[in-house]
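You will see two complexes here that share chain A, one where it goes with chain B and one where it goes with chain C.
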Partner chain A sequence: MAGTTQNSKLQWLRNPGVLAALPASIFLLIGFAGPLLMVGAYSFMPSRSFSLNQIPTFENYISIIHDSYYLSFFWSLAMAVIVVILLFIICYPIAYGMAKLFNKWANLVTALIAVPILISENIRLFGWVLILLKNGILDGSLQSLFGVSASGLLFTVPAIILGLVYVYLPFTLFPLVIGISMVPDTLKEAASDLGATRWQIFREVELPLSMPGLMIGGILTFVLVLGSLAEAKILGGQAIVMIADDIESAFTFAQNWPKGSALSVLLIALSGFIVFLLFRRVDLDRVIGRR
Partner chain B sequence: MNRPSWKKLTERFIILWTGAVIVFLYVPMVAVVLASFSKQRYFKFPVPAFTDKWYQKAFSSLSVRELLWTSLSIAALVTIISVVLAFLGALAFARYDWKGRKLYQRLILLPIFFPQAVLGLAMLLWFSAIGVTTSWHTAVFAHLVWITPIVILIMSIQVYSFDPALEEAAYDLGATRWQVLTQITLPILSPGIISGAIFAFLLSWGNFPLSLFTTGADQTIPEWLYAKMVSGYTPMVPTLGSLTLSAAAMFLLVAYIIWLAISARRRRLDSL
Partner chain C sequence: MSDVNESFLELSGITKRFGDFVAVDDINLKIAEGEFFTLVGPSGSGKTTMIRMLVGMDQPSDGEMRLKGQVMNNLPANKRPTCMVFQSLALFPHKSVGENIEFSIKIAGQDKAARRTRVNQLMEQLRLPLSYYEKSVMQCSGGERQRVALARALAFDPDILFFDEPLSALDFRLRKALEKELKDIHRETGKTFVYITHSLEEAMVMSDRIAIMRQGRIVQVGTPHEIYNYPKNKFVAQFMGEVNTLAVKKSGKNKVKVVGGDDEFTVLDDLADFTTGFLIIRPEILKIGKAAAKMKNRIKGVAYNDYALGSRVQYQIIIDQFEEHWLVERLQDEPYEGRRGDMVEIGWQPADSILVSE
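And now, the complex of A and B:
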């Protein structure tokens, strides 16, 4: 089946792989590439226009540079960096346990951690609101048990970080598990027999071999946090404005589609660049299929 | 340093840590359920009095029924369409060898890495440009763009472990294309298809950022919850939150039972 594909375009089209790839590819061409091109086109339209038949202009990009949007880009990037670092520290021990330690329990742990992804993010974040609220679960417990109050927790930057760590934990964890299980135990034993210290084994054997999983986990989380909207709005109130929030209000309150599109293009370019770096270095067949 | 005891200590730490993190994941959901039974208009802890009146109100409310129906219709359609698209997509991803596969693998996964709120807004522009009025139908389309790649990824994991020799053996024994598909390929890949369908349904059921911009005048439950959380809080927020939560839990339970039945049947067949 595989060897006969090179000769002509018609034969390439007859390959079952090509045929199987067609429906989803065509769908995403219409549903994903189309909208993206539309955003790109709108970003060059004059401010506040609602159609594409105007003379293209750079004014949206220029006004973005002059306004204080760099602040929301900064906050989004800062949040992404902080959350990825925290999640690596939180997830590494668990991932190690799931890959090497838990054996038959690993499936149960996987299920327990995967189930929350399937519950609406809004409901789970609302749970944190109830916990952190003035007279909420944490504040109320502390008051009735110790007489101390913890009322100023909600609508702060740490509350946003908590929400982001909470929501994106599985997205870091699962790729990490795949990464760590790609390290053969025999290799570590061999290194140990040859006199390597624990730290050396970690740095020279475990880290490089599990790198594809670590990179996918880190970059997936980074990109998702970069474009996150609900956490900062629900748990952060007015504490900070992240870039997705700016984009949303440009489209909705300000009714300025071209400005919102230009901001989207910048966010897409930033995330796209990071994902491109990832895909250049990772072989998906090896990571997902483990062959 | 005594090596074995150090190892024991790390192992114990890892187990405790994992347990703590799992508790951390579930605490907010418990909080929502607790709040839904609280009698006060505004939540207060410790809860002074409990009631089920919010549930009675929710069950008798027509607008709640409409929200449920919209969310359910979207999720059901998204599941059916995405499973079909993704089944073929996963075969192309992991089963067949073809020129252009590496590029396909990367492009098809891009929507997963994409900020959903921006994707929703891009869809809004797209629908308005091609002159489609947004309603829950357009939300199905929007959900599919994000969910199909995820289902492809989930199914691909199963497809990678599929041995193509089984199909070839069936062909050699004179089976038709259709027979091979329904009697060899589909049954073997069914665990992947089921997990894909579960993810498709629940991710659509709980989705907020895509729905927000693409449902038009219709509203899903996550949208309603968000609107009420940000402005105009009512005690129905935890109630409806708990209801969708338990609906998702029930769905998972039923899926798990089906799963058990299938694997029991498979074991019986294997032992023949």
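And now, the complex of A and C:
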């Protein structure tokens, strides 16, 4: 009896799945979990120290609470929520077209949307600066054509939102396309046959069944916006400070790794908590119909 | 069926073209209220296109569909008082059994209590346990899903219920059981059922009347009895199942001769307006061995093989001069007395053969 338990304890090691996953697991452990643990450890080191062999302390967290970092957290969260909502509204019709209507043109649309990702984000954002700048492309054109000025656009919160929506559109769109294409047309026909209007079909059948795509696209975008900083810096100027900006400053200008680490830990915890809440509310398995 | 309300559903000149291809070609049909009507045809015969037009998912290129005298060509699917059970069933995977069934009445705005009463009533009628209300449809068995789909359609209280081969994916035994169950439900509800299938056998079991479709046209309309006993042509006769077919030409009053042969057979028909066609003889009607000796028409062949069909035994007989294999069936408790490889006589009476055109 004892022998068999011993055996079954070692059994998992002989499992081909475990063996096959081993190299990737080791790589992830060193390349992904390692740095995260380092950041976690640094967040408990005394301020401005550059080594891990000091007595742990909560001083970084305490100083963050007493400082005005809550403003940066608020702006990051607010931007993430606004951008996700805007992207859902913008992307749903496009995704619907790509999944159901464009047929052979869908590949072309996919390519057109995906190609800009190959260009550096900063360069694309500077493109927007040229457009929105006072006497820039938009302002200048409006002035010479209609005599109207649109000079105050750059370095505002709407400009940041524009940039975020522009940069993260593919991350919402593509999961949404997959989500919508997962809804069989016969289900929509059946709903219509049973008397449902277009809006009722959308609410009762299409929306809940494309929820996995919506969730994945939404969470991906939400987390990415939460950690974004280029848009706020390039298009926002000094309009607002987002949390990722604070983290960067702490590591670079301030040379205060422990504080930057503590801010990072808080940001990771915040994103993790929100994602956890969302996944608890929406049971993906039930939505897909696996249960 | 009474012909009091013969034109409950009336189709006149219904045609559907996809480019140059004519999928449905000038269909004229009258279906009575309360009738179980089945459209049968092989794949590509246009029956699916037909039913899609009837429920409003496709528009006919030509012709008129009238329900209770009202033209419904331009009525969208969600405004038609008809409902369909899909081939895939199209159950909503994210909804429970109860939520699926109550879909149409929830859409129509009925309150929760009324919905629950109706759902319970339907679940009882379709022999679904009431505890299934909360169960996910994805956890239901194939037969249960059929019942949920049917209950969902019945909850809509349609004037006509359409069926698009809902039983085709099921195994043989379950299909046989559900065919009869469906006919029972038709009887209990008194609703008009319009069913499509590729299996004439299935149609026979359930239908009051059957229309046989081929290449977008209706070949024959009739009761199962009429279709079985008086097939209009070779296609209908062969569609029913295994039959023996022989190309023949008129050779005298009540006499036909095999095309390209000397054998002559007696038929009941005086052949007033017949020149060439096919003689159809069903395997279960043919006599073999001693029993064949008393028959008016007889031929000889070699007993090649035999197959047990349960209640009956089927023999394959090679008839040299026709270059054909014929099938003969006997009840299993009165089998043919000879052996494989024996020369044997088979025969039939003039009244047992059917003469059809191409």
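Basically, the second predicted complex is superposed on the first by the 253 of 291 C-alpha atoms of A that agree within 3 Å, B and C clash if a C-alpha of one lies under 4 Å from a C-alpha of the other, contacts with A are read in each partner's own complex, and residues count from 1 in each chain.
Quick note on the criterion: a residue touches a chain if its C-beta (ideal position, glycine included) is under 8 Å from a C-beta of that chain, and two chains touch if they have at least 3 such contacts.
What you see is a predicted model; the values in this text were computed from it and never measured.
Enquirer: Please name the chain, chain B or chain C, that touches the greater number of residues in chain A.
Expert: If we count touched residues of chain A for both partners, the winner is B.
Enquirer: Of the partners chain B and chain C, which touch A:189 in the superposed model: first, second, both, neither?
Expert: second
Enquirer: Using the superposition on chain A described above, determine whether A:158 touches chain B (first), chain C (second), both, or neither.
Expert: neither
Enquirer: In the superposed arrangement, which partner chain does A:46 touch: chain B (first), chain C (second), both, or neither?
Expert: Neither partner.
Enquirer: Just to be sure I read the superposition right, which of the two partners does A:205 touch: chain B = first, chain C = second, or both, or neither?
Expert: A:205 contacts chain C only, not chain B.
Enquirer: Quick check for you: in the superposed arrangement, does A:197 touch first (chain B), second (chain C), both or neither?
Expert: second
Enquirer: Looking at chain A, which of its residues have contacts with both chain B and chain C?
Expert: In chain A, positions 288-291 sit in both the chain B and chain C interfaces.
Enquirer: Chain A touches which residues of chain B in the complex?
Expert: So the residues of chain B in touch with chain A come to 11, 13-15, 17-18, 21-22, 24-32, 34-35, 43-46, 84-86, 88-89, 91-102, 104-119, 121-126, 128-129, 141-142, 144-145, 148-149, 152-153, 156-157, 160-161, 198-199, 202-203, 205-209, 213, 221-222, 225-226, 229-230, 237-238, 241, 244-245, 248, 252.
Enquirer: How about chain A: which of its residues touch chain B in the complex?
Expert: The contact residues of chain A facing chain B are 1-2, 5-6, 12, 15-25, 27-28, 31-32, 34-36, 38-39, 42, 50, 52, 90, 93-94, 96-98, 101-102, 109, 112-113, 115-131, 133, 135-137, 139-141, 144, 166, 169, 219-220, 223-224, 226-230, 233-234, 244, 247-248, 251, 257, 260-261, 264, 267-268, 271, 275, 279, 284-285, 288-291.
Enquirer: Help me check something: in the complex, which residues belonging to chain A touch chain C?
Expert: 184, 186-187, 189-197, 200, 204-205, 208-209, 286-291
Enquirer: Per the contact definition, I'd like the list of chain C residues that touch chain A in the complex.
Expert: Chain C residues touching chain A: 55-57, 76-80, 82-84, 86, 88, 90, 92-94, 103-104, 107-108, 136-139, 152-153, 156.
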